[in-house]
Amino acid sequence: MTGGTITVPTSRQMELIDITAEITKALRASGISEGFCLIYNPHTTAGLTINEGADPDVQRDLIGALQEMVPRQYPYQHAEGNSPAHVMATLAGSSVTVLVEGGGLRLGTWQKIFFCEFDGPRTRKVHWRVVPG
Amino acid sequence: MTGGTITVPTSRQMELIDITAEITKALRASGISEGFCLIYNPHTTAGLTINEGADPDVQRDLIGALQEMVPRQYPYQHAEGNSPAHVMATLAGSSVTVLVEGGGLRLGTWQKIFFCEFDGPRTRKVHWRVVPG
Amino acid sequence: MTGGTITVPTSRQMELIDITAEITKALRASGISEGFCLIYNPHTTAGLTINEGADPDVQRDLIGALQEMVPRQYPYQHAEGNSPAHVMATLAGSSVTVLVEGGGLRLGTWQKIFFCEFDGPRTRKVHWRVVPG
């Protein structure tokens, strides 16, 4: 099994960052052509998602909708004040798995892989690992 | 590694379609008896989920609840007007992974695999791949 | 491929139960040192998530936020009256996948794996399986 870690610096409290090119580059360097790629976020106030990458408005709308959906006024107990970010982490999920074919990620036409920052700005890490097949 | 693609025609704007039988049939044809099966949705206004398949009301309730939760009135920027469908795609997730045992999917008693159409009707694709073990 | 099933007794209608230690123990007994670990929930009114385990308030806040977000007043059709639990099962997801390194789970510093009970109390099962690599 082959993999690595990429660093994702974020610059806003909430933002989606397209990490597809960086994962693709690392994957190609690994030389594995067929299999599964697990992309894993080790943080509890961030997540990973696959969604449309062509129009940046989709990313903004996604953040706006999450801010509307997850309650702000709820009597949260967690003293750090970032409970909505923890909730969003669970909604997005901690990992995505993508098929590898011909040495690249087999994403849909409009799909990109996004790191979801919910409590930034911070310097984040993302692990990836490929199981060949 | 063995896999394929199934076609899922949808007939409504939002609906859940049980694809368990079709995936099971394809899996059995592959001859792999033990491993993981990744089922992957390549679309950005659709998703995959595992939930109860016995009572179709659960599927209707799930769609109804998502329509209530994801804001409709939010000032979305994405010009296509289907931002709620993109939000739902992130909430449901782009893939599900299921154990393979004895040549079949090891689902729970009440579990079925559903393709989630959030912006139909369209003709959709779903990829599946098995890693033996 | 190596795996097993753990039993998770729950004691409340909704609660998050940290199953990290039990999965880690079972994993170590398997002797597999590198790979992927799939942790799978076979129930349709429960889920799995990875989130902060240091402060139990995060778990309470997560449950509280989900109860706020998923509508209670919606005219649900499913006669069992637990449709919100089915919705939460889809939001959390039916499985998590974690990297295995050095015979243990490679979680982030603050991450723990939680079984999410949304319609308890019940006696639940969780399957886990490792693919070496």
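By letter and in written order, the chains are A, B and C; residue numbering begins at 1 in each of them.
Note that contacts are C-beta pairs under 8 Å (C-beta built on N, C-alpha and C of every residue); 3 or more make two chains touch, one makes a residue touch a chain.
Not measured: the values here are computed from a predicted model.
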Q) Same or different: at the chain A/chain B interface, is the fraction of residue numbers used by both copies above or below half? A) different
Q. When the CA atoms of chain B are placed over those of chain C, what is the turn angle between 0 and 180 degrees, to the nearest 5?
A. 120
Q) So what's the Cα centroid distance for chain A and chain B, whole Å? A) 20
Q: Can you tell me which residues of chain A touch two or more of the remaining chains?
A: 36, 69, 91, 93, 97, 131-132
**Q.** In the complex, chain C residues that touch chain A
**A.** 34-36, 49-52, 55, 57-58, 60-62, 64-66, 68-69, 91-93, 96-99, 106-111, 131, 133
Q. Quick one: in the complex, what on chain B touches chain A?
A. 1, 3, 36, 38, 40-44, 69-71, 74-80, 83-84, 86-87, 89-91, 93-95, 97, 127, 129, 131-132
